[in-house]
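There's a structure below that I have some questions on.
Letters are used for the chains, namely A, B, C, D and E, taken in the order the chains are written, and counting of residues starts over at 1 for each.
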Amino acid sequence: MTVFYLGAALFLLATILLGLIRVLRGPGSGDRMLAAQLFGTTGVTILLLLSLTLETPALVDVALVFALLAVVAAVAFVRQHGLPEPSGTPIHQRHGQKKEPDDDR
Amino acid sequence: MSETPAAMLPLAISGLVALSLALAILATIWPRQAHRIGGYGAVLMAAAVVALSALFLAAGPEPENAATRVALGGWEAPLGVMLHLDGLSMTLLVLTSVVGMATSLYSLGYVHDPIERRQFWPLWLWLWAGLNMLLLSGDAFNLYISLEVVSLSAVALVAFTGTAAAVSGAMRYLLINILGSLSFLMGVVLLFGEHGVLDLVLLEARTEIGPTERMAAVLMTAGLMLKAALFPLHVWLAPAHGSAPAPVSAVLSGLVVTGSFYLILRLWMGPFAPLATPAFGILVGLLGVAALIWGSAQALRSGRLKSIVAYSTVAQFGYLLIAFPLMLVDSEAWKVVVFFAVVHALAKASVFLAAGTLQHAAGHDRIAEMGGILRARGRTVFALGLAGVSLMGLPFTGGFIAKYLLLEAGLATILAGSLIGVLWVIAIAGGGLLAAGYVLRMVAPAFHRGPRDAGEAVSPWMDWVPLGLAVVAAAAGFAGTLTLHTLTLTPGAP
Amino acid sequence: MEWLAQQLAPGLIYPTAGAILFALGLYGLIRRHHLVLRVLALNIMGSGVFMVLLGIAARGEGPPDPVAQALTLTGIVVAVSATAFALALVVRLARITGQAMMLPGPPDDDAPVDDISREEHAPSTEYERERRE
Amino acid sequence: MIANTLTVILILAGLVFFAAGTAGLLRFPDVYSRLHALTKADNVGLGLVILGLMLQAGGPADILKLFLIWVLVLAAGTTAAHMVAQRTWTHGEFESDR
Amino acid sequence: MSDLLLVVFDLVLLVGLLGVAWRCLASTDLFRAVVLFITFGLLLALAWVRLEAPDIALAEAAIGAGITGALLLVTLERLRSIAVERRRGRPDEPPDPAGADALLHALHDPPPPRRTFVPALTFALVVGGLMVTALWHQPDAVGLEPVVDEHMGVSGVDHPITAVLLNFRAYDTFLELAIVLIALLGAWSLGRYDRLPARPAPGPILPGTLRLLVPVAIVTGVYILWAGSHAPGGAFQAGAILGAAGILLVLARPRDLPMAPSTPLRLGLAAGVGLFLAIGIIGLFIGPGLLGYPPEWAYPLIIVIEVAATLSIALTLVALFIAGRPAGDDH
């Protein structure tokens, strides 16, 4: 059985490397982000299969953490403009800075 | 406490580490009181180090058991982290506490704005704690972590003024620091891979000449040379030191760079001792001569007070490189090098603090236009001159004794038959001459005739601390015998 | 066949790959000038060092050496904090100089000197005025 | 014995969907169709693999943990797909790619 | 058969890793480099799994996927908005020519000049080659594993890595917590936030997902912290997971971010370091030495330190993500 799990994990690793073509070529940054999201899911699956191959149940926790945090990168990508610029720093006040751009989007 | 001083020493070492960390944490938790914690803490720390040195001298009559090793958490060497105190680290600890206290008192006057005080003091106390731990640590990975503590806080302080020059200088300094730390860490990993041990003393017992040791030596020395801005890798020093606040430049030039040099010395006297071949010594010596010439030329050319002093750091560190070949021939020469580094750190710190006071008074630090300020502020110019004299190495100052001993070692190499020694002797003497050049360039406008202009009011701290430190730097000459005696208490040194 | 399997043991492949990553990061650090790329290069060099360390720890039959794993964990946390500070510095540099490139240039001696000890540079006065607006 | 064969069949089915997802990611013309590739791969592909692994899992705790992983990946996949689609729709292709 | 497949798995993984790293550093578009770097982090976690280091894989997953990726993406966006702001030209300032292509500079790094290619390549090849030769001459396993096993009984925890981290080499871990704090102090000295306005998400999807994810993240974080004493896990992984949950909340801010008054926030930030040192000093007097625990008290003390460290790391990582000190700090 472990040979089968390992074969499946190897196959999934191959799909990740194939997916890299989309990351390299992908015209839009949205495509790249999607590819990264797919890699996250495939990574979770590989970890689950490896947890059985290497008999280390801790890998299920690693998969759990990956599944949990896959959304952070996606949200960071979409809502990037969430954070305006830090304003009054000790010394820059006199550099005539405009009030930081309010978030129009 | 009836126990003998030797038994009290481990407790004192752990206490010093705990004290410096506690001060930094307190300043981080109560930023509004950070400057008071910093001020009183600096005096407390200096007193603790003096007490420790008294205990150390009392405890270490014979050099063999002088290296006090403290097992942190009670775990012995291969497993736990060991603190290591011997003559070499004791001397530099005293230097760090003297320069640290002076800089802290100076900063009380320099950083007077309530908002900035709250950020400056925690960073500065972390830097000071990092330096203390760097000097006390005896474990390779722990040295890496202490270097990171020192690097990050130093970069944050360089970027403190927030101007374009300061932030770009800090960025360059950060990139080079992380690169240096990673190359140092790779060296540690290679040694750990070969010997499975991280403690320096155990490593020294196990290292023999092999590909891993050579590669680890190259990586660790290159990483530390990056951090100490030794000649071929000094590109970051002038912009970072030139644009940092004055107390930060003083500490950077005095302590942080000397700390990295201390590590190079510790490694090449310990684990990498068998690797030091004469050819390598001559190569390092030639780098030193090049540093002397390049640094002095830049200092003589530069228009700003602070960048003159920054370039002079590169030049004076050329001496430390020249000393490498001397150490290979005359095994006692390493004590002279350390003594020179101590005197240079004291003098450089006081010159930077004096330059900071003058810059505060004048609002700029272009020498050509500072005539009036220099003429009016006699006390600061005297401090600048006195420390400059010690940099030059005129008689009766610490610098003179250091250079005299270096010359002695240089002559010894000539007698030992290697002709290259002549180059070292000429370089050492010439270096003093060049130093005279740029020190006098800084002080010369004071002697021209012209109006006096006291400029901005200066707080008493900023007025008297540079003078005090300059006097200590000059007086270091008389403490020569005591320092050299402390240095002899380093076991395992050639 | 046995020799090949012995040579391709994880204890040797992964340290070699780690050394290659270290060299790759070094190459990227020297070549690229954009600061974010240089931060990425330093992260890749760090990962190379940790791969060498863990590769060494995985040699031999028994469980890998816990001290090496503890060092790697410490290294990863140090790397992420250094990266976070470096990125904050890059953003601040871009805000002031308008670009995030670190081109090698001589330090300009006539840059305006800002001295935090002088009165007109005190931020608290400006902060008070800004809060009153 | 049956559990093993069932697991093999389920995991193979899951792999088919992952292959379909990757193929879709490479072959589809624009962002919106590639979104389907992403969501198909994880909610069905991963779902089948996790079903297969549940048969091998030790106690009920492992089975519940595997189920939790599947739910989380579902949430991540749908959120990411929705937000990317919405942002691409409102802002058009991202200007950084010109 | 299965170890042959393992070797193939290793080779494919390493080729993928090196390929991703190379393309990431060679790409002219910054966004592509960041996405490649996130993928690099994922493949790295698989490499740590393959090297039987589940703790490190857990940390790489929590920090790589959660923190570094989000940090890089937000940094790119800040560079972009700075470039747009300068390109729009502030009314009181004539638009500087550099600003015209500042947008291009912000997220696009032109391929470097040819002249630095050969020296950089040879230098990297020499360094890499020497290292590989050094590594291939090294002996077989020579680690400290037996020594650690010998002292495990006294360490107070069952998991060797947590024992090394929090008992045998507690000093390194303490300094590492200090480094995270110093990085934050550095970032705080660069800028201040007067207020972080609320930015509710346009649709119901994101708030809904957050309502599901954040509680699960907190429970997972506590679980991983607790598991650290007997299985892979521990303070840093848990802190990174809670930090990532905090970053999620900061990105999708339903309400104004509270500009916390300085002292409670700083107490929370320095809790890990402060408690660690306090217990260390107690250990100096009644225990075996500085940062040492009396053997029978080792387990409870380690748990206390781990909880404090987790809270501090989570708070510090979120504050590092925002990278500006709260206005409460300044008045």
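Some notes on this structure:
Everything below uses one rule, namely that contacts are C-beta pairs under 8 Å (C-beta built on N, C-alpha and C of every residue); 3 or more make two chains touch, one makes a residue touch a chain.
The model shown is predicted, which means the values in this text are computed figures rather than measured ones.
When the partners of chain D are compared with those of chain E, the chains appearing in both lists are A. When chain centres are taken as C-alpha averages, the shortest distance to the whole-protein C-alpha average belongs to C. Centroid distances from chain C, each centroid being the mean of CA atoms, peak for D. On a Cα centroid basis, the chain most remote from chain A in this structure is B. Centre to centre, using the average C-alpha position, chain A and chain E are separated by 14 Å.
With centres taken as mean Cα positions, chain D sits 57 Å from chain B. Each chain gets a centre from the mean of its Cα atoms; for chain B and chain E, those two points are 31 Å apart. Inter-chain spacing, taken between the CA centroids of chain A and chain B, is 43 Å. Each of residues 79, 113, 115-116, 119, 141, 145, 148, 152, 155-156, 159-163, 167, 186, 190, 193, 196 in chain B touches at least two other chains. Residues of chain D found to touch two or more other chains are 68, 72, 75-76, 79, 83, 86, 94, 96-97.
Contact of a single residue of chain A with at least two other chains is seen at positions 29, 33, 35, 40, 57, 64, 68, 70-71, 75, 77, 79, 85, 88-92.
Put simply, chain D touches chain A in their complex at residues 4, 7-8, 11-12, 14-15, 18-19, 21-22, 25-26, 31, 34-35, 37-38, 41-42, 45-46, 49-50, 53, 56, 58, 62, 65-66, 68-69, 72-73, 75-77, 79-81, 83-84, 86-88, 93-94, 96-97. Per the touch definition, chain B reaches chain E in the complex via residues 10-11, 14-15, 17-18, 21-22, 24-25, 28-32, 70-75, 78-81, 115, 118-120, 122-123, 126, 129, 133, 141-142, 145-146, 148-149, 152-153, 155-156, 159-160, 162, 167, 186, 190, 193-197, 210-212, 214-216, 218. Contact residues of chain A toward chain D in the complex are 1, 4-5, 8, 11-12, 15, 18-19, 21-22, 27-31, 33-35, 37-38, 40-42, 44-45, 48-49, 52, 57, 60, 63-64, 67-68, 70-71, 74-75, 77-79. Per the touch definition, chain C reaches chain B in the complex via residues 15, 22, 29, 35, 38, 42, 45-46, 49, 52-53, 56, 65, 67-68, 71, 74-75, 78, 81-82, 85-86, 89-90, 92-93, 96-97, 102, 104, 107-119, 121-124, 127.
The touching residues of chain E, when paired with chain D in their complex, are 29-31, 80, 107-108, 202-203, 205-206, 209, 212-213, 216.
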